[in-house]
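What follows is subunit A paired twice: with subunit B in the first complex and subunit C in the second.
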Partner chain A sequence: MSDFISARGIKRCVSYLVVGGWALFSVFFVVWVVLASLKRNRELFGSPLSIPTSPQWGNFVKTWVNNRFGDYFINSLLVTSVSVIAILIVAVPAAYVLSRGRFRGREALSSFFAFGMGVPFPLLFVPLFVMMASMRLADTLTGLTIVYVALSIPFTIYVLEGFFSSLPSELESAAIIDGCSDVQVFRHVMLPLAGPGVATVAILNFVGLWNEYQLSLVLINSPENRTLSLGIYSLITSMQYSGGDWASLFAGVTIVMVPTLILFVILSEKMISGITMGGVK
Partner chain B sequence: MLSNTSRQAIVAAVFSLGLAGNTGAATAAELVFWSMWNEPEPQAAALRQVMDAYTAANPETTFKVVWNGRQNQTKLRAALQAGTPVDFMDQDSDQLAGGLQKEGLGHDLSADFDQATRDAFLPGALELFNADGKIIQVPYVYNTVNFWYNKDMLAEVGGTVPATFDDLLALCGTVKAAGKSALVIEGNVAFYNVLYFSHYLARENGAGALGKVFEDKSGDSWKTPAVLAAAKATRSLWDQGCIAEDARGFQYPAGQQTIALGDTLGELVGSWLPTELTESAGTDFPWGAFNFPAVKDGVGKSTDIEVGLLSMMVLKDAPNAQEAADFVKYVGSEEAQKILVEASGVGVTRKGVAWPAALADAYTSAEQATALSPFGGGLGVAYPEFTSTILNPEYNMMFLGQTTPEEFVETMAAKTKEYWAAQ
Partner chain C sequence: MMRRRMVFAFLAPALLLYLGFLILPAVQAFYLSFYDTSGFGDTAEWVGLSNYATLWGDSVFWRAMRNMALIMFVGGVATFGLAFLFTMLMNAGMKGKKLFRTLIFMPNVIAVVAITTFWSFVFMPRYGMLTSFLKAIGLDGIASTAWTAPENVFYAMMVGLVWISVGFYTILIMAGADKIPADMYEAARLEGASTFQIFRQITLPMIWDVILITLILWAIQAVKIVEFPYAFGGPNIDQNLYTPAIYLYIMGFGQRESVYALGYSTTIGVVMFFLTIAIIVLMRFLFRRERVEF
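For the complex of A and B:
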């Protein structure tokens, strides 16, 4: 027994060390970026590990106003929020039908969506740009949102299918016996039960699209339509030739991090329960 | 079967056109310009001023600008494939030469540049990227590659500007004795580090020497004593203590910041360095620049320089090609070039237009240049893939001490032969 306990103790200790070390590593860099955003450039490179002697809040103002991060923030928020809502509107019922319905071609349709996850985005750049341009949607946030929704659906359906499959079918049968239609079963029984799963895909999509860079680089040209990731990139590239205001860059990185951190703080419990849901059925 | 309204509209349109033709009114043109600058950058503001000045003088010409940033050429390529109409664009000259220009997407501007206009450019600048004698791109910003240094520090340690490579090594000793480092590098920027090699080789064998070595398809030119000597000499900068040991681990921009912090004398880099370090070093930093020095028994001149130009290009299928060409020509005028210097602090391509004070030595270098090469001896323009995937990483490994100079030349000889065999 004592052998078992000590073996389990060591295992737990190692787990804590690994997870703790990882957490410390991540937190260290987040804190470092935030501190760097409050320094002068000279202080940033002269004493990279110090606490800012006189915090330069002006770096945030400079980034938000001069580098138009205010506009980019709104663009990102708009595109990402609308995309996530649209993805859920399309993918949740689709995943439900694909996981619980019994009809010819269901498996082929599921495989088709799964196949969509394997298509490398760079292969789509030119056809997507041509299609968007022909529909006059290139260089528009609407066009970018449509592309985001279309390309996120396979992953979302794939994940949600797993969640819906893990829900007990007895509840569905009980609801039907009580006189619910298919839509009512979905709306009043299965959807609430799949809440953690829906929250999980919402967060994963939000984070993924919030940080998305490649597609927006190809599809967006006008500075007024840039998203935050494009804003960060333009700030980095403008270091060459125009001068390296690295502290303002870190202010920009901090601005980018804030919404995802807030989202994690609010929804982390739901997300974790969603991720672990399949394992306890 | 046209309706009365349609007929009336057509008659009115024809009448209006005829009227315009009779009165000789100029055709209004909105030139679409895709730019490598971001809107908040001073260079964008300066170009905006130039465009405003042009429109003031030519009211029929206006501009629609897309401030794309440095990925301009990449974005433009996708846009052109989708049929987006663009009149002209700008980008780093070497990238253009290996990109849109090489793909034949540039409009020939030769007829628009008479001899007087051509002569107004600093030596070699307009011709550097000519394609078969044709002017496809027009440089408007000029960056030289020099050793950029702190003049006050040089005076404090009692050093002088080196005329030869041996003088440079001696200067390293002087600076080291004063407790500082003479040079710094960015460990992760291989194309900066290759500048040492391309310059040394050019001083030994003349401008463009690196390209000639590579174009020997047998690969044997890499094994010549001059190439090995260049590799060994540049590596000796570490052995002689010119570069601080910890610089091997510097990631851009850590190295150049040590100049601003007063720990290092200088760096071999482009004349954009003073601008890049303005935030850290301040606007009154005592910048100086000198060319890569001569080497013993070398045939190359110390006035042969490597440059990084920024150019404008009118696109082959531009809807308003002639109007765009006229504007690009105007960007090279004294009036426009002065605006660029004053509003954005860059070096420009026109003779006689003084560069900002921090770049004064670079202007002298450009004015006295006897031969120009693009970065790294120009290999990156003609053979971009080989340069980025073979030469730069292999050289960087040797330079940072992971392989020997002998291994470097052997590898390059083998890889060069392999490259040409696959063509």
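For the complex of A and C:
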């Protein structure tokens, strides 16, 4: 019996070690990057696993001011926030009608939107670039925002349809009996009920677009229009010539990752349930 | 009930944006793949299927396809193996399941460029973290390996890619497993089934539909992957890191000297599109199986 218990005990220990070890590596990653951003370069290379002896806040000043990460931060914040708001304005009503309305071709239209999730974005690189150039929107944050909104529609509608169709229809009927018009039912009854779902897609889109990289790489060219991800990539490129100031680079990495990490710490449950709902439903 | 006017007004903005900036460019891509053009002022020349023929004989393209297949299969086995392992262990009654799950997922909310910068530092030749670590524990022989040399760089990239992917697929698979009634596990455990047996006999068949969806998702992502290998490769990216989408980008927009072979570049995108469709159809066919109802 004691043999049995200890064998079980060892198994348990191994489980915790494997899963816990993997989970701790995520923490290590974040802590290491932040510490690296506060080191001198010599220290970073000499003893990569140490704690900085005297924190070099100057790395952040250098990255924020000299490497223009301040501007990139504002660009990222602007593009991401405006895109998320526009996505909600466009996708919430559409998803509502698609999941609660009764009209011919509703299901076909719903699948037509879902089809967009299957289109590999690289297919659109060249046509979007040409289109943006002909509209004089190439290399502008406005152009990037429009593309972000359009390409986020399929996923957003897909997830929101799930939320709207899970709402009870009794409240809808009651509101109609009370004399609400169709728009009022949406505005005063269904929209507040779908609040948590709308918040979920807002957060998921915010994080996704904050980190977005491939479309901005195609559409943005001038340094003053760079987002944070492009800023980091161009810093890596310039380091090829000027030698490696890795500590300042990690300051940039810290700047790009802190906002989404803060969101994740507060809202991890919401984000994970949103993703699993979209993927597993 | 809903008036037609409302249906129309609510749908129109989303539909217009979707048609204008996703469907239209997708259609244009097909059209462009029959032309030879650099886009800027010159008139596009109709070349029929010649872009496709050139692509068929292009060794760089096939190398990119090979890398894509390696990500799909080698990366897939690693990612799903680990995701299954974590699901199995966490469902065997571990405490703090939620916390572990959250931490394992965490890299997925961080910008890809941030992650690849870290891994570049890890695998850096001579001064990298892995090299100093191996030296510190006395493995000088392995420490001198050039992790970013052409023959190794692809698998160095794969390590980081699998790391973030495991987090993503673990939460999807666990969400499926969480829907299985707990009494099924308990009954099996009372009968003396081992953790692996429970996973094999109960969890897997019960979440078959979830696994199918996650496998399709993985295959599609492998076809269109750009960001991780591209950012890991940095400027002057090694051809050993090319995926079809990276080759597409480089043929279209180039590195320092732009190529602007826009028609040729888009042809690669069309091939990726058909690959995606083929994968969805093939997987649905291969994994046909009765869904377990409960």
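Keep this in mind: the second predicted complex is superposed on the first by the 241 of 281 C-alpha atoms of A that agree within 3 Å, B and C clash if a C-alpha of one lies under 4 Å from a C-alpha of the other, contacts with A are read in each partner's own complex, and residues count from 1 in each chain.
In this text, a residue touches a chain if its C-beta (ideal position, glycine included) is under 8 Å from a C-beta of that chain, and two chains touch if they have at least 3 such contacts.
These figures come from a predicted structure and were not determined experimentally.
Subunit B and subunit C, once both complexes are superposed via subunit A, clash. By the touch criterion defined above, A:Pro93 reaches subunit C but does not reach subunit B. Of the two partner chains, neither subunit B nor subunit C is touched by A:Ile74. Contacts of A:Ile85 after superposition on the shared chain: neither subunit B nor subunit C is touched. Within the superposed three-chain model, A:Ile262 lies out of touch with both subunit B and subunit C [touch as defined at top].
Look at A:Asn66: by the touch rule set out above, it reaches subunit B but stays clear of subunit C. With both structures placed on the common chain, the touch criterion links A:Phe125 to subunit B and to subunit C.
Once the two complexes are laid over each other on the shared chain, residue contacts for A:Asn41 go to subunit B alone; subunit C is not touched. In the overlay built on the shared chain, the residue A:Ser15 is in contact with subunit C alone; subunit B does not reach it. In the superposed pair of complexes, A:Ser222 makes contact with subunit B only, with no contact to subunit C.
Put simply, more of the residues of subunit A are touched by C, taking subunit B and subunit C as the two choices.
Overlaying the two complexes on chain A leaves one subunit B stretch of 57-65, 183-191, 219-227 or 309-317 clashing with subunit C, which is 183-191.
Shared interface residues of subunit A, touching subunit B in one complex and subunit C in the other, are 45, 125-126, 129-130, 133, 217-218, 233, 237, 240, 246. Residues of subunit A that touch subunit B in their complex: 41-42, 45-46, 66-68, 125-126, 129-130, 132-134, 138, 217-218, 221-223, 233-235, 237-247. Of all the residues in subunit C, the ones that touch subunit A in their complex are 1-4, 6-7, 9-11, 13-15, 17-18, 20-26, 28-29, 32, 39, 82, 85-86, 89-90, 92, 94, 99-107, 109-115, 117-118, 120-121, 127, 129, 132-133, 163, 166-168, 171-172, 175-176, 195, 210, 213-214, 217, 220, 223-224, 226-227, 230-231, 234-236, 244-245, 248-249, 252-253, 262, 265-266, 268-270, 272-273, 276-277, 280.
The residues of subunit A lying in touch with subunit C in their complex are 11-12, 15-16, 18-20, 22-27, 29-30, 32-33, 36, 45, 48-49, 89-91, 93-94, 96-98, 100-103, 109, 113, 116, 118-131, 133, 146-147, 149-151, 153-154, 157, 176, 182-183, 186, 207, 210-211, 213-214, 217-218, 228-229, 232-233, 236-237, 240, 246, 249-250, 253, 256-257, 260-261, 263-264, 268-269, 271-273, 275-276, 279-280. The touching residues of subunit B, counted against subunit A in their complex, run 34, 37-43, 66-71, 74-75, 78-79, 81-84, 253-254, 257, 260-261, 272, 275-280, 346.
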